[in-house]
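Common to both upcoming complexes is subunit A, partnered first by subunit B, then by subunit C.
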Partner chain A sequence: MLANHIGFYSLIMGLLSSILIFIFSLKSYQGKVIDKRIIPSSFFQLFFVIVSFTSLVICFIISDFSNETVFNNSHTNKPIFYKISGTWGNHEGSLLLWLLVLTLFLFLFLINSRSELKQYRVLTVIFQQVIIIGFFLFVLFTSNPFSYLFPKPIEGLGLNPILQDPALAIHPPILYIGYVGSSLIFSATLAAVIENYISKDWAKNIKLWILISWIFLTIGIMLGSIWAYYELGWGGFWFWDPVENVSLMPWICLTALLHCVLILEKREILKSWTIILSIATFTLSMCGTFLVRSGILNSVHTFANDPSRGIFILSFLFLLVSISVIIFFLFHKENQNDYKKIYFLSKEVSILVNNWFLMYFLSVILIGTVYPIFLEVLTDHKISVGPPFYNKLIIPFLVFFLVFMSIGPNLKWIKETNIKNKVQLFIFFLISLFLSLFLFYKSGQTNLTITILLSSSLYLFIVTIKDFFTKDLYNLSKKIAHFGFSLLILSILLNSILSKEVIVNLKVGDKFNFKNEKIIFNSLENSRKVNYESVVGSFTIEDDKQKIYEFKPELRIYDQPVIITSEADIKVDLLKDKFLVMNIIKGEEYFNVRYQIKPFMIWIWISVLLLAVGGFLSLYKRFYEK
Partner chain B sequence: MKTLKFFFIIILFLNIITISYADKEDQLVIKISKNLRCLICQGQSIYDSQSDFAVSMKLLISKKIKLGLNEREIYKQLIDKYGEWIVYDTGLNKNTVILWGLPVLLFLVGGAIILKKLVFRKF
Partner chain C sequence: MVKKVKLRILFLLTIVLSAILIVFLILKSLEKDVVFFLSPTDVKDLKIIETKKIRVGGMVKDKSISINSEKVNFIITDFKNEINVSYSGSVPNLFSENKGVVAEGFLEDRNYFKAVKILAKHDENYMPPEVKKALGEK
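For the complex of A and B:
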């Protein structure tokens, strides 16, 4: 009760302080010095949102069902950890979290940018504040997390059991930091356009924020994918599902921006393109929120949605995009003195090619995600765009992308003159071609495209490994990230080619033989846990070398709401994951058992982590150089 | 020499690979069921889903294969019955020309812009 009131009123106080900041920053834009009250009031704004968020968490912990959000998404017999994570497992709470990250980023920007131009700083605050106020209004008017219920219900409705999972508990906050970080990039870019400050110095400063959001987005996407792997899927980890796509799109855009800013920093070219990418990244992040929250998308990841809220986000987004387009055309002038010579064989061109391909991948995903929606609205024709579409349009281009990625980073800035040294690159190419043909022959693959893709990804893999053996350690962050990417593509590819599976219906005591291996269904054990009934099956697998593995997959029958989830038992090692999951068949004593061998699974996660490590190193370097 | 060593290590490593468990018919069922949407689930394929619908669908597919129908015929029958919504691979027709064409078109336009800028050397 008390926490509920405190939460609501501090949210209003937060809105008041954000209006104050807006007024102060408008004043300081006209005045000569920056208003001293901005930083304290931005601290208060952050403080109030933190208080508000904490009170919501407390409402969840003490299961205060007079709060509508808690009533809808919690239950008294849920473990405390999931009571807390339930705070952001729903629409209202996740928006409050979004607001929290927004205000946190603004505060961090303010205390970190003291050395920068006053006008630029103030304008960034103004734009960021417009976004913050918009979200305050959104939370207060369309999705108030502190709505009051009377009479107070005795029990809550419970949290969707498949959300009760450690990876998914921390997945939203991390993903949100990435999303929201793009709002600061957006504000800073608009401010820099108005002040005509798109320059080397600006590129250096903005890189920090790009890196931060990129790292968090990378890790956030990975956590969601790991969750899908062991909880949702039957061994799949990426479904080309619309909600996954909307998290991948800002990531691709941000990756393009990260590379583009490098050119800006070195050569002060591509200014307009950098601006467009910054705006696009933010728009895609907002669109992501809109599409997920509006219920337009049909997805495995959508849990709470409401169409009326979508309208608000959509109009707000439309407003922001129009403002940014107007600013871009009014203020941005390409300086004619910026004329610079570009040679075909140079790092600049290779980064341009990188951006070109990334934009293509982005457009495939964007069109694939929104096209069915438009088609249905316009012609009433319902189609599905699924993995085959993405595979067909992405894989052929990915081949070239990988080859360019192997060559490009080895070129010099401005002009590459030393071409003789590149013979080595050609030899590596031959090696990888040979290896993939060997694999082609060995694995009985018949798909030629896959083989070509394999050879190009092997090529990138070999080249990125070779790059570690050069003496210059300056670009370690880049090397690690690029190596991570090559490892990612390679492990995904090998995983999909070499995965094996057996699906069979078994009852207790049954044995099943396949290709010199055996599955034995030993027993079934029931037990009662805090908020679910657990049924654990015990299986033995004997492989062709007579090695014996024990598997204990579980079925959970949750109480509130009543949903059955199946928990796979996964034996992870460096070369392969062994994955066993069982499922009830209605009205039968049989269980559906699926046993899979998924090679190099762990390397997919490791390689994404390597990408993030590369980002961290670059961030560290940036601070170190300061 | 280093390269050669590296090369051999990879070859040795590749020897862990064995061929898939499933026979041809099962593989076809898997391939088809991966391309079909489970109509009662949210965004899962027949292959990934364990709903009653998906389970009976998988049985139906293997029956049809035993009857001697090929992949394309099975899709056609299912589309006639459930609508285009059920297949993930939309194929190229008058409704999806833009879907397939637009990304490629954008790619070409992007390439043309870059080339133009490079040739005229104006950034």
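For the complex of A and C:
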């Protein structure tokens, strides 16, 4: 009760302070002196949002069902950890979290940018404040997390059980830091355009924010993917589901931006392209929010389908994009001396090529994601675009992308003159070609596209490993990140080629032979847990070397809401995952059992972590160079 | 100066051409790889039965699920028409009688559908839009 009121009123106070900041910063922009009240009031804004968010968390912890959000998404018998994570496991709470990250980023920007140009700083605050106020209004008018219910219900409706999972509990906050970071990049870019400050210095400063959001977006996507792997029980980690795509699109755009900013920093070219990428990244993040929140895409992220919310985000997005386009055309002037000579064999050209490839992947995913929506609106046909579409369009280009990625980083800035030196690269290419041919000869597969893809990813793998043995330790972050990427592609590839699976309906006591292994369904065991009924199946799998593996997949029948989830039992080792999951079919004696052998699964996660580690190292370097 | 202008034109031309190529490529493969979504009534109204992969959505008819060790058979209904489905593969937990279902696979004839995948919906209250419409009209 009390927490509910505190939360609501501090949200309003937060809105008031954000309007104050907006006014102060407008004044300081005209007066050309920074108003001393901006930083304290941005601190207050952050403080009020934190208070509001904390009180929502408290409402969840004490199960205050007079709060409508709590009523809809919580239940008294839920473990405390999931009561807390339930705070952002719903539409209203997650928007409050979004707001929290927005205000936090603004505050961090303010205290970290003291050395930068005054006008640029103030303008960034103005743009960021527009976004913040927009979200404040959105939260207060269309999705107030503190709506009041009277009479107070006795019990809540409960949180969707498949969300009750540790990976998914921290997935939203981390992903949001990535998404929201792009808003700061957006504001800073617009400010820099107006101030004509797109320069080497600016590139250095903005890179910090690009890195932060890139790292968090990477980890956030990985967490969601890990969750999908063991919780949804399909045994895959990426399904080209629209909801996954909307998080991948900003990531691709951000990756392109990350590389593009390097060129800007070194050579002061490609200014317009950098601006366009920054705007695009933010637009894609917002579009993702819109698509997911408006209920157009049906998924676990769709909490409540309320058209007014979708329309609000869409019109807000439209407003922001039009402002940014107008600013871009009005203020951005190319200076004549910006044209510099560019040689074909140089690092900047190879980064540009990388950007083009990324844009191609982005457009494939974008069209695959939005085309079904448009088609449904226009013709009433319902379609879905599945993995074959993406595989067919992405894999051929991925081959060239990987080859370019192996060669590009070995070129010099401005102009590469020493061509003879690159014989080594060519030899590596031949080695990887032969290696993949050999592997295919061994495994007996004859798929040409996959052979080519394998050889190009092996090539990148070898080249990135070789890079670790060069003497200069400079640019270690890049080496790690590129190595991580090559490992990622390689392990995804090997994983998809070498995976084996069997799906069978079994009764207790049944045996089933799969290749050289024997699956035995021994017994079932029921037990009662805090908020669910647990049914644990006991399986043994015996291979031809008499090695015995025990599997204990679980079915959880949750009380509120009544939903059954399967918890897969996964035996992880460095070479392969063994994955066994069982599903209930209609309460009869048969269980639907799925057994999979997934080679190199753990390397997929490790390589994504390596990507993030590379990002962190680069970030660390930024801080210490300052 | 002239050289610079030429270079820029060349550059723009490459961009435009590659953009056209990309859009063409994407649309071409979209034509082949999309999967249409039909309700049992739509299936009944089909003029020709194609061998393309489709999705059929509706409710699982009451008391229609039967299981043996390889297969699950059931009936999808939209309360106007029905279709028999046979399926071997993994079954999502939310699959049960009187619940919404979307099955992906191939039509054998207007009454028999061979599914290769049953899609899990994340929400227990999910109901395919067609079914919602059909129920609303009833």
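Everything below uses one rule, namely that the second predicted complex is superposed on the first by the 615 of 626 C-alpha atoms of A that agree within 3 Å, B and C clash if a C-alpha of one lies under 4 Å from a C-alpha of the other, contacts with A are read in each partner's own complex, and residues count from 1 in each chain.
Going forward, a contact is a pair of C-beta atoms (placed from the backbone, for glycine too) under 8 Å apart; a residue touches a chain by one contact, two chains touch by 3 or more.
For clarity, every value in this text was computed on a predicted model and none was experimentally measured.
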Q. Once subunit A from each complex is brought into register, does subunit C clash with subunit B or fit beside it?
A. clash
Q. For A:Y360, is the partner it touches subunit B (first), subunit C (second), both, or none of the two (neither)?
A. both
Q.
In this superposition, which partner touches a larger number of subunit A residues, subunit B or subunit C?
A. B
Q) Which partner does A:L498 contact after superposing on A: first (subunit B), second (subunit C), both, neither? A) first
**Q.** Contacts of A:P561 with subunit B and subunit C, given as first, second, both or neither
**A.** second
Q) Which of the two partners, first being subunit B and second being subunit C, lies in contact with A:L330: first, second, both, or neither? A) neither
Q. Does subunit B (first) or subunit C (second) touch A:D241, or do both, or does neither?
A. first
**Q.** Partner chain(s) touched by A:M1 [first = subunit B, second = subunit C, both, neither]
**A.** neither
Q. Which partner does A:V572 reach: the first (subunit B), the second (subunit C), both, or neither?
A. neither
Q: Give one of first, second, both or neither to describe whether A:I12 is in contact with subunit B, with subunit C, with both, or with none.
A: neither
Q.
One more residue to check, A:S384. First (subunit B), second (subunit C), both or neither?
A. both
Q. In the superposed arrangement, what residues of subunit A touch both subunit B and subunit C?
A. 232-234, 298-300, 302, 339, 356, 360, 363-364, 367-368, 371, 381-386, 388-389, 393, 566, 583, 585-586, 592
Q) Touching subunit A in the complex: which residues of subunit C? A) 4, 18, 22-23, 25-27, 29-30, 33-38, 55, 65, 67-72, 88-97, 120-124, 126
Q. Okay, in this complex, where on subunit A does subunit B touch?
A. 232-234, 236, 239, 241-243, 269-270, 297-302, 338-342, 344, 349, 352-353, 356, 359-360, 363-364, 367-368, 371, 375, 379, 381-389, 393, 397, 427-428, 431, 435, 438-439, 442-444, 462, 498, 500-502, 514-515, 566, 575, 583, 585-586, 592
Q) What does subunit B use to touch subunit A in their complex? A) 3, 6-7, 10-11, 14, 16-22, 30, 34-35, 37, 41-45, 47-48, 50, 52, 55, 83-90, 95-96, 98-100, 102-104, 106-107, 110-111, 114, 117-118, 121-123
Q) If you look only at subunit A, which of its residues touch subunit C in the complex? A) 160, 162, 232-234, 298-300, 302, 339, 356, 360, 363-364, 367-368, 371-372, 381-386, 388-389, 392-393, 503-506, 510, 555, 561-566, 581, 583-586, 588, 590, 592, 594
